[in-house]
Every structure is written in structure tokens, then in C-alpha cells.
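Per-chain numbering from 1; labels A, B and C assigned in written order.
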Amino acid sequence: MRLSPDPSITTAALPARRQVNFGMMHPETRTKPEGGAPPSADEVIFDVVDLSVRYGGFTAVRDVALQINRRQITAMIGPSGCGKSTVLRCFNRMNDLIEIARVDGRILFHGVDLYDPAVDPVEVRRRIGMVFQKPNPFPKSIYDNVAFGPKVAGTRDKAELDDIVEQSLQKAALWDEVKDRIDDNAYGLSGGQQQRLCIARALAVDPEVLLMDEPCSALDPIATARIEDLMQQIKDEYTIVIVTHNMQQAARVSDRTAFFVTEVNEESDRRTGVLVEYDHTDVIFSNPSDERTEQYVTGRFG
Amino acid sequence: MVGTTPLTVADLQGTARRMRRDKTMRVVFGATASVSIIVSLLIIVSLTREAASFITKVELGSLWDIGWFPRRGSFDLLTLFAGSLLVTGVAMVVAAPLGLGAAFYLSEYASPRLRRTLKPIIEVLAGIPSVVIGFFAISFITPDLLSRFLDDVSFFNLAAAGIGVGILTLPLIASVSEDAMRAVPASLREAAYGLGSRKATTCVRVVFPAAVSGIVAAFIIGISRAIGETMVVAIAAGATGGSLRNFTQIFDPGQTLTAAMAALGAGTDQVKGDDAAFQSLYFLGLLLFGVTLLLNVISARFVRRIRERY
Amino acid sequence: MAVTTVAGVGDVSLARRGHDVKGRLFHLLVVLSVVLAFVILAALVWDMIAGGESVLTERLWSFLTSGLNSDPELAGVWQGVKGTLQLSIIVVAVAFPLGIGSAIYIEEYASDSRLTRFISVNIRNLAGVPSIVFGLLGLAIFVQALGGVTGGRTVIAGGLTLSALVLPIVIITSQEALRAVPSGIRVGALALGATRWETTRHHVLPAALPGILTGNVLALARAAGEAAPLLLVGAVSGVFFVGAQGTLEQILHGRFTAMPMVIFSWARLPAGQGWNVLAAAASLVLLVLIFVMNGFAIWLRNRYEQRW
């Protein structure tokens, strides 16, 4: 199995080449604009309106309203149990997998309500990818891990798959480390490498958005740093939403930050997550409006 | 402000072919799952229909006649129950202590490596076909074991059948009991050792009480298995009708519920009979089904209790 | 959780006890249980070997290849072997797909509804039903009601009956194998935009396959040893039958027998004429067959088991 051995391929050189290959895959599903008109920095792709999520009788998070901007990194921070991951999972309909989950409100993706009954979650998840807290590569070869997504989406041509695999691994800054053992089992990789593999795998289906649910919490600091660098590199092409426990990480990588907290319901004594403040990251961390935000970011609680 | 490439709902609809395939497979798998329900329904229907027909044909008084001679119209249920109870009793006398002891050894005493080698061997016992055990009963247990030490043992006798059934039940009791014991948290044992208790005491005073639900479940499952065992009795206890009214006839030939069924089913070339003799087969089957179902449901309750505690 | 009191342990003295009589006794009893289990197994195997030795050493080949015969000097297990093989093929063709499919449905597709729980409870109950009751099912349904399709007391009816018998076991073991696959794999595949079937087919099923196969082979070994259902469904338990030869059509529509039935027949005949030797030898053949199957299943498990 031969991948193109062209050493001149760098991440920067990829976009132009990639347009051609991925376009062949599913011209009707490409969501990126033709040509190269740069989108405005404030273009909104997700519009969350009155979002509440219940698990059975328990309200995990309520009345969330925010907007996610294109090709930016948005962080969601807050103490444990405040519903950040729950909100994140709404963006790609992964909450559907939890039987007792009920989602109220709307999430508009480019104006389309993701929870419209006519919308197929499978298609949503191809456009909006996700990386999880614990790396979960398939017990298959590195190649098969990355090629799986494009394969089920319809790409059959071997040469095309080879290209996609290589480019995705390049983007995930993993190619150089694995190019000689691409058919080895993915379980042989280190934790940090596995997580980068999961990122490559997610990128291989050409999503517009990448959701990351505490992607570094299972990794050591060096692996964490590599992933944070990676995020900055791919930010030009993908919109990233990251949930993190690590405040400093949010401060380092994100453009905007949303701060959540739990509120205790007086009568039922149950905790529900709420969005406290959402603003540019530098504002959140240096000059927040809400007192709770200030207490959290200065370390006085949480 | 929303994006430059507005999407429509149509864009977010999946490829028709993939969605269709997914739905089709869902239906296919659902259909296979329904087969198990169909099997249960068929069992209940076929048993009750013929059993009901039997009941209407037979005077209830004949169910208490002495002696199980279906072709003469004598349907002595008590004899059969007595036989089943005897065989099951003997089986449990063999299987319960040995099974429990083996479970204790595997769970509390054996090293992990020893456990891994010993456990499959005990499970091999479970895989021995019942006809082989039945043959073993008449070729070894009765002549070389029972007759050697006891007088007045018939060639076909219920005790040998009981021992044979016990051999089959032993691994089952050992396995379920061992699972129950291993489910007991290490912290309980450590607490006992910390107080200076030794292994035997810990086993008896700590592990056993903690695992007792599971052990009871194991016993009930064992009883259910023993009651349902057919071939060992059919070979070893003699397929005679006869009557059995007191339990001292343990070393005489006898009949259990299951062996009576085997005799009825095998001894005829009829596939379907309208006569009560043949239909009594289904009646017995219904009784057997009901009893074992009840036992299994009860044992499931006990198993659930272990899970709830830990 | 109830706290079990550790009262009455009593052995609190620090002085080294020379004779922990009760403890030693208990240990002895417990070891004895295991030893006895082995002794029983050994005695059984030894008894079969000793009993069947003459046949096995003198005319092994003719024993394996001859059919049933009224003359013990000429009788062999061939028809039994053939029947067991035919029955096994039917069980593999019927029970395995149905069982694995059911397990996939319950584990991957079904929501936690009353219907699903009912299906699970039903399967568990079926697993505990005595095998002779399945014989009644076979008799009433496969032989009688569906007689037109199966041909009556044929190997097909027998195979279907055994399939019904082992179906619950196949389902339960397959379920366990599927459950052992970590959920992260499913979640990861679904998050990439795969359908449920694609996830199951490409990732869950391949990962669970060794466990599924192991369970299935064990279920097959169980089916191979069953006699009670076959007795009711009409397997021949006489001394001599021509057996169905000839075309596949004839084989499928004639009477049949199987190894356990052959043993059953011979075991009941008078020992003096040499039938007991045959029964012992046949038992050995069946035991070897079953041990090989179990061994294969264990080898499968050890070789291909995935450690997550």
C-alpha cells in the first residue's frame, strides 16, 4: 500500500490540493464556499436558542443562548457537572445516543435547526466531528482508523483514500511519526499519538466543525502542548469548540470563552447548569462582567 | 449573521441508500429477536393444548391411583413426583457439598494460575452428555460402588440415578456459587483478616453469609436442573412404571417425571395420539415446565439480590 | 449495602498457633471436594476406556464405519456420527445466525423498553427449560404441525428442535461478547458519521467475533450431547435400522439417529452379549468429539481474545 511519497507536502500547501480531492467525494455535501473568499471573522455558524437538556427528570443544563463563530476556537469552561459536555454533545446530536436525554430549544447550524425531524444525525455528524476525552481508536491499523470515515461516506477509490489518510495525518501532526508503520495496530501508539490519530480520523471526513470534549485531560503535559499547537494550526480551516477543565488551556488557545456554573434549585435541591457569561477570551479572563466568572478565573472556587 | 453558504434541511438529510440499509438491518435483527418469543409461545401453546385435552379425558381420580401405568389408564402423579424428589434429593446430597467446597477452594484458596487450570476441568464435567453418565451409572456406580458396600441394591435403582444426576449438577453449583463468592468485595475479607481471623473462619463467617443469596440461587438452579434431567434416569433407574410411595425404596427401580415422559414418547410409533396415554406426555411436560420455570424465576430473584448489594 | 459483622472471629491471639485444627480441616474438606470432582471425571473416563477397550483395539475402523446391526460383533457408530454431523450442520445454519442476530438487536439496536426487557427475561427463562420439553416442542410443531415441510420424523425436525434448545445459549453468550466491546469504539464510529449498522458491521461485530464464536462452539457441543429431545422427535433408538442412504433428498426425509441415541440404545441392552462394550466405546467416541469441540472453543478464546 503506497501513499504518495512527495516530501514537499506541508500543511500550508494542503488546502489547494485538498479542494480537488474532497470535492470529488461528495460535491453536493461540501459546505465550504467555492473559491477563496475569506469569511468574516464574526460570521456565525451555530446559533443556540433557549437550549435545555434533561436526562429523565433531571435538568442538566437550561436556557443556554450563545453563538459560535466560524474558524475560531470557542472554549466552554466551568466546574464539574455544569453541563458543558452536555451542550457540546448537542452540537452533533450525540445526545441522541442517550435514551433518556431530551433536548428543548433550537440549535441552528447555518440557519438549519439540527433537531428538525427531517435532519439525519448521521449526516450532521459527518459535518460536525468530535474528539473525546479518552482516546478511542479502533482496534485496527492506523490506516484503517483514518480511512473508515471517508469509506462509509462513499469514497471507494484506493488512491483517493491513500491521499486522504496522508493529508489527515499530516494535519494532525502525526504523519511523520507513523508513516512507516501505517498498517500497524493503532493500539501500539502512545496516548498522545492515539489522540492525534483520533483527530486525524475526525478530519478525514472533511467536517466543518471539530468538537473537542476535554481532549487533553487524559494526556501528559507534553502531549497536551502538542495538541494545543495543533489546534492553532488547523484553526484556519475548522471551527473548533472545546470543553475543558483547564482554565489556563482555555486562556491559551481560545478566541471566545463561555463560562458555565451549576445552580441549585431551591425546592428540588437539584443542580442545573447555566451559562453565566460568554465573551472574548481576554475579556473573560481579565475583565469579566459577572462576579462568579471572576471568582472562578481567579481561582477562588471551582 | 448567518453563513455565506446557507444550508437547507435537504442538505442535512442522509444518503437514501445508507439510511435504507440501516433501517433494513434493524428490521432483520428485530425479526431474529422475535424468534425467541415465538419459541416460548410455541412451547406454551403445544403443551397446554394437549394437556388440556388430556385433563378433559381423564377422571381426576385416576391421578391418585397407585402406580403409573398410563396404558391402563392409571396416572399416578404422586409416584412420579416421589421419584423425581428422590433422585433430586440424592443429586443434591452429592452436588451441593462438593460443588460448594469446590467453589470455596477456587474462590478463596487457589492461586489465579491454579484457578485457571482447574476451572475448565470442572466445566468439562458439565459437558459430559447425560447418556454417558447414565451408562456410567449402570456400568460402574451400581455394580462397583453401591453393590459393593450395600446389600439389596437392584441393578436399576434410583440412588444410582441420583448420583449420576449429581455429577451433572455439581459443576453448575460450583460455578454459580463461585461467582457469588468472588462478587464479595475484597474489603470485607480484608476486614476479617485485619482482625486476626484465619482463612477458614473468614470463609465461613464472612464470605459465606455475604454470598448466601448467590449460593441459594446456585442451589435452586441445581435443583431445577436435577428435576429436568431425563436420560440418566431413563437408563439407570429402569423404565418401569410401578409405584413408589415411600422413600426407602431408594435402591429399587423407579420412575421420575422426566423418565416417564421419555418412556411415553419413545415407546410409541405414534406421532399424534388422541388417546389419553399419549397425551399424558404433554400433561407431564406442562407440569415439568411449570415447576422448572417457577424455580428459575425464584433463583433469578436471588441473583438480582447479589447484584443489588454490590 | 448491609454491613456483615465480622463478629466471633476469635482467633485474636498473637501467639503462633501450632494446630489450627478447624482451619486445617476446612482446608482439607475444600481441597477434597475438588479432588473428588477430578476423581469422578477420571473414574468415568477410565471406566469407558476399560469397558470399550476390546472394541477399540481390535476393530476400531470397522466400529467407526459400520452401521447399527443386531450382531454386536458387527455393529458400529457410523450412522450415529453421520447423524450428529447432520444435526450440527443444521444447528449451525439455524441457531447461530438467529442467535447472533438477536444478540445484536438487543445490544445494539433495542431501546430499554418493556418489550426489550421482556425479550431478555424470556431468553433467560428459555435457557433453563429442561431439554425434554424442547423435545415436546419438536414433536408437536416440527414433526406434527410442520410435517409437510420437514417430512415428519426427520433429521431436519431433529435439527430444528436442537436449534431451539441451544438458541438461548447462543444469544446469551453472544450478548456477553458484544457487551465486552468498549462503548468508546461505538461512540467513536458514530461520531464520524457512520450509521448504526456500519458501526456494528465494521467495528463491533469483528471485535466481538472471537467471543461469539467461542460461545457458539460451546453451544454446539451441548447440542451434540443431547438425547432427550431427539428421543421424542423420533430418532431411532432401536438396534438396527437401514438408515437413509442415497441422495440428499432421501437422507433428509428418512429416519435418523445420532451418537447419544446410539449410546442410549446400546446401554439398555443386556450386557452379557457385549453391548456394554459397544456402549462404552461409543461413549468414548462421543466424549472425544465433545472434548475436541470444547478444546477448540477454549483455544479460540485464548488465541483471539482481545484485551481491552
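The criterion applied here is as follows: contacts are C-beta pairs under 8 Å (C-beta built on N, C-alpha and C of every residue); 3 or more make two chains touch, one makes a residue touch a chain.
Since this is a predicted model, take the numbers as computed values, not measurements.
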{"item": "Both-way neighbours, i.e. chains that touch chain B and touch chain A", "value": "C"}
{"item": "Central chain (by mean CA position)", "value": "C"}
{"item": "Chain pair showing more contacts of the two, B-C and A-C", "value": "B-C"}
{"item": "Centroid-based (C-alpha) most distant chain relative to chain C", "value": "A"}
{"item": "Rounded Å distance, chain A centre to chain B centre (Cα mean)", "value": "53"}
{"item": "Approximate Å spacing (C-alpha centroids) for the pair chain B, chain C", "value": "14"}
{"item": "Approximate Å spacing (C-alpha centroids) for the pair chain A, chain C", "value": "49"}
{"item": "Junction residues of chain B - those touching two or more other chains", "value": "14, 18-19"}
{"item": "Of all residues in chain A, the ones touching two or more other chains", "value": "122-124, 127, 152"}
{"item": "For chain C, residues that touch 2 or more chains besides their own", "value": "195, 198"}
{"item": "Chain B to chain A touching residues, read off their complex", "value": "1-9, 11-15, 18-19"}
{"item": "For the chain C and chain B complex, residues of the former touching the latter", "value": "1-2, 4, 6-14, 20, 22-23, 25-27, 29-34, 36-38, 40-41, 43-44, 47-48, 51, 97-99, 101-102, 104-106, 108-110, 118-119, 122-126, 128-137, 139-141, 143-144, 147, 152-153, 164, 167-168, 171, 195-198, 200, 221-222, 224-228, 231-232, 234, 237, 260-261, 263-264, 267-268, 271, 276, 279-280, 283, 286-287, 290-291, 294, 298"}
{"item": "Chain C contact footprint on chain A (complex, rising order)", "value": "92, 94, 97, 99, 122-127, 129-130, 132, 134, 136-139, 148-149, 152-153, 198, 201-202, 205"}
{"item": "Residues on chain C engaged by chain A in the complex (per definition of touch)", "value": "111-112, 182, 184-185, 187-195, 198, 202-203, 207, 306"}
{"item": "Residues of chain A defined as touching chain B within the complex", "value": "28-29, 31-33, 37, 39, 42-45, 47, 70, 108-112, 114, 116, 118-120, 122-124, 127, 152, 154"}
